[in-house]
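Have a look at these structures, which come just after this line.
Shared between the two complexes below is chain A, which pairs with chain B and chain C, respectively.
So, the complex of A and B:
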């Protein structure tokens, strides 16, 4: 038995090698760079200890990016899952045009986030923007929708929600289709109403699907990048940056590779902590139910 | 037996994958080994291949591909073209960090300040004597070595729409000072058109605005606060002289001279606005790019007006399409052959046509749109033009460009004293930080 386990363990080697070369090694290098003052391309790196990490505490723009990241991650996740679950329940019932509805809800995910950002930019732009043209048709004045960072954050969150809600729908749909009708029918016989059936049968049995959908959305939301670049480019005045886009601007535009690496390490720890916490929470829920 | 075979096959596959991975990821190879494997790849293809990285996108890129096809047809040398588009600078920085540069690449204004350590000196090339006299100092280091073939030069000034100015009753020749410029803006605004358009979503456009206005205060002949040497040696006093450019921009924002969406419009909106007679001036566009959008637009270019009556107007001349050779390339002869090809007048003219710059070699065509507009302005401002290198390349340490953008965007968002102070802090802190780092 032990011999067989050793043999089977050999199959891990390619994956371990991949992780070592493409995750562990760059991560260690990034940790070292985060302790240096470096412009990102010159051969000289100046070791400065934890100065980059200290600088993060006094960087107001980073604080904005941090708050935005939480909004993009958490708020998008909540909305995507609520909408995704609602849509899944809706399309799980039999009606004419069911497949068409599924396709329409799922379709936005087939467009890359970058392209989606550009499409939405043309909707929201001040001059000749679709939204302003509609306002104009009703005799109303044009609005520079993205001039206020708060609006920008709202639009990015909504667009992200809309784009990925279809993905949640598919996950929940597969979860719903795995629930045996026997339970529902038994509950119906016992006189359980629509809400009670959902609360005490459907929802508990969907916990594995909820775990998958939440984790995927959460990590995706916390790492959001291309949609921001194409819609607002992090502006105006850094007000819509996420941690990832801010990191990019610090590394390549401000030539502060050390500082950007420190942000990267911190973001990594943040995402890992949120993911572990969420995973534990859902595991506990799964056992409780 | 069958099961045993399956096991053997599975182990074999695992070992092959692992070995392949180690071979692929290993970096213990010496440079020589790497070069050998690269050369053997090329030999396998049967031709020499040069990796060329350029900044062009869209139609200019298609035109450049035609130029490359001509080179391959003439020499048999294949070109592997790399075109990162708007990520060009980020990609080049990454490649510098990894020590793996393309054989030939465009230096976009940084041949000396950023790329010199990675480039081959090219003083002995046959085209050296054909370099236009005003271009030579811009691309030479302190030892008078050059590292690029300059095919075109860029001219930073103010592009204007003739139709808009005419309608507003503005004579471009009368704009000699910043006050004249603001008076012209006032007339354009009164005529119902936006005087100056900025596509601030692309933050580089804000940096370009700063770098266009700063010389009028600090470095142009006869300017208000001559500070070129202080800026170069790092002793510039930001507290007493640092805010004047931002204050001027703030005044213009408050006067309503910019487009309303100046922080959310992108650069393509500027091209459209200038091409469709919807704005008077822009510091961020090239005439050729506007004409690609609006072929019938009537455009001109003028130098940046000075801050004093006695001061001169200024054009900043910088590197346009300049091609350098990586000093460690294994295809040095082919790379030099490529540069020789690009330097031939007919090919150089094609490159000038695609990038919209001015000729940087003596025997090039001078009938293109950009050159005509530039010559026209030289006639209008005859005797009143001061020529210098691009402001940030000449007077700021590398890495300041983003701080210029940040400072101007602060002022765009809040043109009060508070916004100016916030912008000044970005400039001052980054200047000191980058200057110390450069030391």
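So, the complex of A and C:
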């Protein structure tokens, strides 16, 4: 019996070796580099302790990137869940062609968000941009959308929401299909209206689905990278960077590997904290219900 | 008679069809715009919403000639297949003891795997890059395959683990009674039942590897090793004036994925559920 358990534990070996060497080792190396002054390729690393972390506090561009990351994470999570739940309820209601709607809403997830950013670029250019054409049709003047960082942040959030709302929809759809009709019928007999049925039956039963949808969206939004690279590349004037794209620019362009690692470790801790916190929150919620 | 009821039903549900049409427009317009743009010459300054008067294939010719996109599709294909193979094999192996044992090792493995699942790859790109430099894996297939497999494994282990839990343990025990070893039990009893979840793991991993951009940017540095996303990026970067050619390049990049999706969309939906909903 014991021998069998030991033998079975050998099954872990390939996966663990890969993860140890290609995730854990790089992680430790990143932590070490974050304590050094290093340009990314010279053989010498100069150990400087927590100076890189101290530098972060006085970096205004990083502060912008931090705030943007929170917007990308939190706002698109809220939007995606609202839209995803709405779409799930809509597709779940009976009408001809609901499958087509489901298939189409899920489709953008297949496309790399880098390429999606470029496709959206065709909508937002000043000359010949589709959005300006639509505005023009209503007699409004053309706007250079990406010249203003605030608009850039808004559009990146919206595109991220639009592209990944289908993910939420599928999660909610499977949640909805797990709710037994009996509860809803019982409530109907008790005279509960449409809204009351949703509030007191559907919503509480969806808590597990909400938990996974929120977690996935939060983590996805906080580590957003490709979509920004293709749409604004962090510009104009560093106003649309997220933590990840700012890290990229510090490492790739400014050759500050130490500082970039410090940003990376901080972002990692931030994502861990946010997801653990929201997981706890929902666990408590589901006990309350 | 039947026609009348159908008409009635449409009339009753007209607002649903209105919403449905709006959703379809919002979701299909970007694809339409990029296709239309790719079929117009650069000199055509009509709105991108208006279909071309005559179809202009030159952009595609340029995209194929200037961007090496065919080579990139080959590279992405090799990288995706390699990653998926490793993730499937190592994933279901590791999930088996994790699902069957209730000891301390399997518990700590589970926590470890869930923790790794949350690590954003880009946040430790400095470490990944130095690690790969130290083993001379920059611009090699195996370098990027190993990294994407390592980051994809936690999800696959998680999905397999949930699935194996649902297989009755009495099957394993019956096999042991009959004298089968651990390996034989796994390969003859468990493995044949894993087909549905394997389809999910394969599709989820394939899409994320195919679309990966963050660390490929650092790992694939030689131009002939570029994958699809890097090639599209390069084309848009170099030819900002030739947006129509770039649109053609983007269309070539997304068409294979969309076709696969349309044929297998049922499995993609299942895969999403398997990866998101706790079992």
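Throughout what follows, the second predicted complex is superposed on the first by the 262 of 289 C-alpha atoms of A that agree within 3 Å, B and C clash if a C-alpha of one lies under 4 Å from a C-alpha of the other, contacts with A are read in each partner's own complex, and residues count from 1 in each chain.
In the analysis below, a contact is a pair of C-beta atoms (placed from the backbone, for glycine too) under 8 Å apart; a residue touches a chain by one contact, two chains touch by 3 or more.
The shown structure was predicted, so the numbers you read here are calculated from the model rather than taken from an experiment.
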Partners on chain A (chain B, chain C) - clash or fit: clash
Chain B versus chain C as contact partner of A:52, first or second or both or neither: neither
First, second, both or neither for A:40, with chain B first and chain C second: both
Partner chain(s) touched by A:161 [first = chain B, second = chain C, both, neither]: neither
Chain B versus chain C as contact partner of A:11, first or second or both or neither: both
Winner by number of chain A residues touched, once chain B and chain C are compared: C
Which superposed partner A:272 touches (first chain B, second chain C, both, neither): second
Touched partner set for A:130, first chain B, second chain C, both or neither: second
Which of chain B and chain C A:230 touches, first, second, both or neither: second
Partner chain in contact with A:21 - chain B first, chain C second, else both or neither: both
Selected from 171-179, 189-197 or 261-269: the stretch of chain C that, after superposition, runs into chain B: 171-179
Residues of chain A that lie at the interface with chain B and also at the interface with chain C: 7, 11, 14, 18, 21-22, 40, 121, 125, 127, 251-252, 257
Residue numbers on chain C that touch chain A, as the complex places them: 9, 13, 16-17, 19-20, 23-24, 26-31, 33-34, 37, 45, 47-49, 86, 89-91, 93-94, 96-98, 100-101, 103, 105, 109, 113, 115-116, 118-120, 122-131, 146-147, 149-151, 153-154, 157, 176, 181-182, 186, 207, 210-214, 217, 228-229, 232-233, 236, 243, 246-247, 250, 253-254, 257-258, 260-262, 265, 268-269, 272-273, 276-278
Residue numbers on chain A that touch chain B, as the complex places them: 7, 10-11, 13-14, 17-18, 21-22, 37, 39-43, 46, 121, 125-127, 144-147, 232-233, 235-238, 249, 251-255, 257
Touching residues (chain side chain A, partner chain C) in the complex: 4-5, 7-9, 11-12, 14-16, 18-19, 21-31, 33, 40, 87, 90, 93, 95-98, 100-116, 118-123, 125, 127-130, 133-134, 162, 167, 170-171, 174-175, 208-209, 212-213, 216, 219, 222-223, 225-226, 229-230, 243-244, 247-248, 251-252, 257, 260-261, 263-265, 267-268, 271-272, 275
For the chain B and chain A complex, residues of the former touching the latter: 7, 10-11, 14, 17-18, 21-22, 25, 89-90, 92-94, 96-97, 114, 117, 200-203, 259-261, 263-266, 269, 273, 398-399, 401-403, 406, 409-410, 412-413, 430, 434, 437
